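Note that chain A is present in both complexes that follow, paired respectively with chain B and with chain C.
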Partner chain A sequence: MLVFVIRRLLVTVPVLLAASMFSFALIDVTGDPLADLLVQQPPPSQEVIQAERERLYLDRPAYERYWLWLTGIGGNGDIGLLQGEFGPSVQGPAFDVGAEVAARMGVTLRLVAAAVLLALGLAVATGVVSAMRQYSVVDHTLTFIGFLALAMPTFWLGALIKEAGVWANGQLGTTVFSTIGASAADTRGMDLWERIADAGGHLVLPTVALMLTGYAAWSRYQRTAMLEVLNSDYVRLAHAKGLRRRTVMRRHALRTALIPLTSVAAVTIAEILAGTVLIETVFQWRGMGTLLVEAVRTSDAYVLMGWLMLAGTLVVLANLAADLLYGVLDPRIRYE
Partner chain B sequence: MTAEEAAVEAVSDPVAGSRPAREGAPVLEIEDLHVSFPTEDGRVRAVRGVSYRVHRGEALGIVGESGSGKSVASLAVMGLLPRGAEVRGAARVLGEQVLHLPDEELSRVRGERIAMIFQDPLTSLNPVYTVGRQIAEAVRAHRAVSERKALERAVELLGAVGIPRPEERVRSYPHELSGGMRQRVVIAIAMANDPDVMIADEPTTALDVTVQAQVLEALEAARRHTGAALVLITHDLGVVAGHVDRVAVMYAGRVVEEGPVDAVFSRPRMPYTLGLLGSRPRLDEERVRRLAPISGAPPTLLAPPPGCPFAPRCPMAEDRCTAEEPPLRSVGAGRTAACHFSERLEEDGADTLFGRPDRAPPSTAPPAPDGAAPLLSAKGLVKHFPVRSKGVVRRRIGDVHAVCGVSLDLREHETLALVGESGCGKSTTARLLLRLLTPDAGTVEFEGADIAGLPRARLRRLRQDMQIVFQDPFASLDPRMTVAEIIAEPLRIHGLYRERGGAADVQRLLRTVGLGPEHGARYPHEFSGGQRQRIGIARALALRPRTLILDEPVSALDVSIQAGVVNLLEDLQEEFGLAYLFVSHDLSVVRHIADRVAVMYLGKVVESGPADRLFTSPTHPYTQTLVSAIPLPDPRKERRRQRILVTGDVPSPSSPPSGCRFRTRCPKFADTLSPAEQSRCIEEEPPLDPWAAGHLTACHYAEERALWSEGP
Partner chain C sequence: MSETVRDGAPPPPRGRLRTVAARFARHRPAMAGLAALAALVLFAFAGPLLWTWDHTVSGEIPSSAPPGPEHPLGTTSAGNDVLGQLMRGMQQTLKVAFTVTVLATVVGSVWGAVAGYFRGWVDAVLMRAVDVLLIVPLLVVVAAVGGNVRGGTTWYGVALVIAAFAWTPISRVVRGVVLSLREQEFVEAARAAGASHARIVFRHLLPNAAGPIIVAATLLIAVAILVEAAMSFLGFGIQAPDVSLGLMVQHAKTAAFTRPWLFYPPGLAIVLIALVINFIGDGLRDALDPRQAMVRS
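Up next is the complex of A and B:
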């Protein structure tokens, strides 16, 4: 098992390296980080432009810049992924990309974690109910909801949910659903519990909006997996042993039907990360999603590249976790 | 001695003939059971009024072909039918009605009073739990014992069904065990709570014959241990003959005949039973007569016509049969049959009734003498398949030695059968001969010309002379082509369609295989399995080949359909002088159709020779076990037979044993050889040496052994 983990981790190195080259090449050829500076009125002096060019390492050739971005060797100490530095931002020397990313990552991960957990829980529950009552009214209703969520674009769903929240607040005359931001504008004077309650309250609607895509796909998978298991011989044999229906469902059907979901879920993590970009914009959160949008708008190359690498690493880790989990869940898979 | 023990005693006595019906209340009683399923075309009436009783310690066999309702009836008793099935009637276990019981009460009956064993051991066990846990679960479902105690019981049960080293095996996962082992685990689960009845639904159909013998043995052991009554459901008349007291024959959702097994097998009172017995080739009969097939196919149960469902296929049918369905009525001591005219059958055998024509004068233009040049000749064929590691690099970590130095000769107008258990390399050998696979070493000669290294273009010309018929009649025909297109395809590929007469030739081929010209415009899904196999044969004949490779051509067919296809193959050989390479695991069919037989084990031919010699006096211990493992559809002979049981499973072909490959399972090696003799088997690989004229064997200590003791 340990050998497998180490080997698996080693395999991620070339994957991430390829991802870094790809990100660098794509970002480097699109957009000029100095574009905003150049069109300023009145035009800045040549010295200012030159200084900015040097600060952003734009005076060096591309291959050197790539090397610098990865290792930070030969830089000013503010660059080098391997040293934990993302690189300078166009927003000025005072802007610490690392600190900004850390703060926003916390906000976004809170959203992603809540959405993934909720989606998984609901998907398993409804998938199982759908399968056990195949072709019943319940099954058809859940299927309809699932396909609706799959068919609607995330931003549209997000906007609808937000408007629904606003409408509900209006009807009730008080703010039941928070529709703006990740937390209250002013959290001074709140104790810890109040802060947690506040953050939780702000989490509700964005989580629902973000969750729906993952939920829709996963509940369909879970239904199919469960149906397959329910028709299997070993479930019949479990009944024939004299186990109660509930025991059979829990111990034999559900336990085995969960296995395929792990790998599907790992792949969908990437989609959910992409979804945060839209949802955070709709609900005006200051998270990783809006960071990406801002970076694109200002051609903030190092922030963009750093963002992509971070997302890539998360996806790779999620897949690794799924593989390991698979080995635990299914004794037929053995890693030697 | 309690009554229970007495019953067990009686059952385990192998020579007791048919026993009188038992006294006392039956443990399982089915009364007027009806089951129907909704389908898109309407309700299918799968079971139409089935009644039977099983007494304590008794074994009842239920025989029928696919679709006869034999499995559905027992699943209904267990309450395991899919939702939507409509069940009427009564099923009583120890007097208690179990149909329509709520889950809680039903779960007290299942496993405790009535246990079930399913057909496919590969899917019957949950892959994520150890076998010990799955047995323990069955124990704990009905007994308040600790997990540890339950696991101890599991070890005990595994030992009882003949699993070696049960203490270790209890911790294995199902995928770590072979099919035969897994089926024994399922039997152990069924035994766990000493049930009153065990229902075994085709328990050995998915297994090889030598493993089948072991599993049937385990089933007998389970009966001895628990004293349970047994309901053995199967399509194999041989399996029923040796293992049950009474037999019920099912057809089209009804029991059509029931009685003591000896009486039913020797003097059937229902034409269908008679036909079933007559259409099955027998291992203990010489190849002199043709099989007596039952014409037609079983009826659809969507809207069964009035009258006897067998009437359209029955040679005795009269007007009354199509008007009025015969009830199951008593026809003598403890026997019932559903036929208006069953008295007439007291005299007739299958031959007179179904008109089994004697074989055209022993067609055997006796297998050409050894001197004659063979049509197809293989020498030292070797084929290894690489086993690769998982992961990105996929290193080659070993080889599956599928075929290791096989030499065969096929002469003109001859049938050579290649037999062996699954994984012995017989199908690979067939594909190597056709060069569908390229051998790693060795030569294949067709009429003296080496084809192993032939370039593709030349090979293509040669393919006209060598065609293949596949096992699965459903997967081997393109569902989107009409039958005429399917048959014409080989002609078109070789550019012969016009030259050979186009549509007229296709019609001729259809007639040749017993189909009508009007069938050409239809699609494969409109045909039954037997008809599809005929289409496959017509396709293979289209190019007028001289050799047909038949890869298990009748294994997927029901017994009553098999006979027709076998007869067709014999006729075609007669008519066109074809040479057949007949690949099969079914020794009874082989005995009937083959002139010569080659027995394969783990990629090697261990014995070959004329069919009659090989079946009457085989010399290799493997051939002997193989032949003795085939159940005979004759209760008396079956009970008296001397059985040579092998232990264990076929070793992995990626690391075959040293020396003689069979030694790990060889009964001779284990029981009669001295250590010095044994070491020769371990160290030295026995060559395939001549034993008698045309008879080769690969055993250091070969000796003939008569397997058929004749007697009253």
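Up next is the complex of A and C:
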């Protein structure tokens, strides 16, 4: 098992490396980090531009810069991914990308975890109900909701949910739903429980909006998988043996029907990451999603690179987790 | 790769197309979807020719007027006719989506077919490249690249950027199908008859993989629409004074309860187009690829 994990991780290293070279070249070609500085009014002096160019290492050729970005050898100590430094930002020397990412990552992971858990739970439940009552009114309704969710633009639904929260607050005259930010503007003077309650309250509406991305795909896969299992011989045998219906469903059918879902779930994690960009924009969170938007807007090349690498690593880890879950769910799979 | 083609191995027998068409016609949601899509396309492309106002600001248009006889969907605060904007927005969105789908399907199919046909190191190199492209979420990489380009982006530029990253799932599907097709007798016969590699790939393998390709391409249209809308919403896609559905939502994002006529039309239009295309895709899947059917009878 450990050998399998290590081997899988080693295989992904060259893929991540190739992805980093590709993205680096692409970002380098498409954007100029100095663009905002050059159009400033009044125009900055030549020395200022030159100093900024040196600070961002733009005076070096692209291949040298890539090597520098990766290893940090020959830099000023603020660059080198392998040394844990993301590189200088166009926001100025005081802007520490690593600290910013660390602060924002927790906020975003909180949102992603809540959305994934809620979506998985709902998808499994509705998928199983749909399959057990195939072609009933419930099944048709759930299938239609699934189709609708699949066609729903995350940002539009998010904006609708947010405005609904604002409207409800206005009707009730108090703030029932938090609609802006990941936590209250001022958390000083709150004890731990109050902080948790505050963060949880801010999590509710964005989670509902983000959840739909995963739910739409997963519930339909769960239904198909469950149908396949329910029509299989071994489930019929389990019934014939006289096992209780609930035992058959939980121990025999559901466990097998969860296997396809794990691989789909790992793939959809990537889409949920993309969804956080939209949802955080709508709800004005200071998370990784809005960091990406700001970095793109300012052509902040090193921040963008760091973001893409973190997202890529997360996707790789999600796939690995799915592979390991297969082993738990399906006793026929062994990792040598 | 578990995709296998069971019925259509040898060159499609005469009448297969008719069978597929009949099976598709029996799929009621898909037929309704097809009719609705035709209506939507007509609305987006012929509508602007008939309607008085286009998507631009006009001094004769009152500001922030609710829907009325003059402006059936109301007006924006700047003085745009929302119906005119909606037509233009749908047009841009559909143009992007169809362009993405055509480009991505061609590239993805050829890429996957070459990988599956030659196998060995060609396959390894081509599919590792796909792994590399798939590692970052589509919307993120498209926003990062598209938004990085300074100055306005045209709908064609947006389509090119999305297509550049959206073809990878299709290549995986096609590779899987071709891997099983290449072992069959008709490919061996073609090879024995002296057909070149190119001829085998383009005349024998790809036509027989048409079913899964069409299904994947249809579903890609819906993905492209949602990605384009999200890109424009973030401000990295089509730029004002031009409009797209995502940009309209961006401008109206706080108006859901105050000026609903600005908020609902673009959002519902996106939902409707994507929904209709998913229905068509589902019907095509049932008709072309019965084993992958989501609904089992």
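In this text, the second predicted complex is superposed on the first by the 336 of 336 C-alpha atoms of A that agree within 3 Å, B and C clash if a C-alpha of one lies under 4 Å from a C-alpha of the other, contacts with A are read in each partner's own complex, and residues count from 1 in each chain.
As a convention for this text, contacts are C-beta pairs under 8 Å (C-beta built on N, C-alpha and C of every residue); 3 or more make two chains touch, one makes a residue touch a chain.
Only a predicted model underlies this, so the values are computations on that prediction, with no experimental measurement involved.
Novice: Given the touch rule stated above, what does A:315 touch, chain B (first), chain C (second), both, or neither?
Specialist: So A:315 only meets chain C here.
Novice: Could you look at A:281 and tell me whether it touches chain B, chain C, both or neither (first, second, both, neither)?
Specialist: second
Novice: Now for A:96: first (chain B), second (chain C), both, or neither, which partner does it touch?
Specialist: neither
Novice: Going by the contact rule set out at the top, does A:294 touch chain B (first), chain C (second), both, or neither?
Specialist: neither
Novice: Could you figure out whether chain B or chain C reaches more residues of chain A?
Specialist: For chain A, the partner with the higher number of touched residues is C.
Novice: Touch check for A:323: first (chain B), second (chain C), both, or neither?
Specialist: It touches nothing on chain B or chain C.
Novice: According to the stated criteria, A:198 is in contact with first (chain B), second (chain C), both, or neither; which is it?
Specialist: neither
Novice: Please identify the positions on chain A that touch both chain B and chain C, taking each partner from its own complex.
Specialist: After superposing on chain A, chain A residues 231 contact both chain B and chain C.
Novice: List the residues on chain C that touch chain A in their complex, please.
Specialist: So the residues of chain C touching chain A come out as 128-129, 131-133, 135-141, 143-145, 147-150, 222, 226, 229-230, 233-236, 246, 249, 253-257, 263, 266-267, 270-275, 278-279, 294, 296.
Novice: Can you tell me which positions in chain A touch chain B when the two form their complex?
Specialist: 7, 11, 231-234, 236-245, 251-252, 255-256, 259, 329-332
Novice: Spell out the part of chain A that touches chain C in their complex, as residue ranges.
Specialist: Residues 15-16, 18-19, 22-23, 26-27, 30-32, 35, 147-148, 150-156, 159-160, 163-164, 166-167, 220, 224, 227, 231, 270-271, 273-274, 277-278, 281-282, 292-293, 296-297, 299, 304, 307-308, 311-312, 315-316.
Novice: Along chain B, where are the residues that touch chain A in the complex?
Specialist: 78-80, 82, 103-104, 107-112, 115-116, 118, 120, 123-128, 137-138, 141-142, 173, 175, 186, 189, 192-193, 391-392
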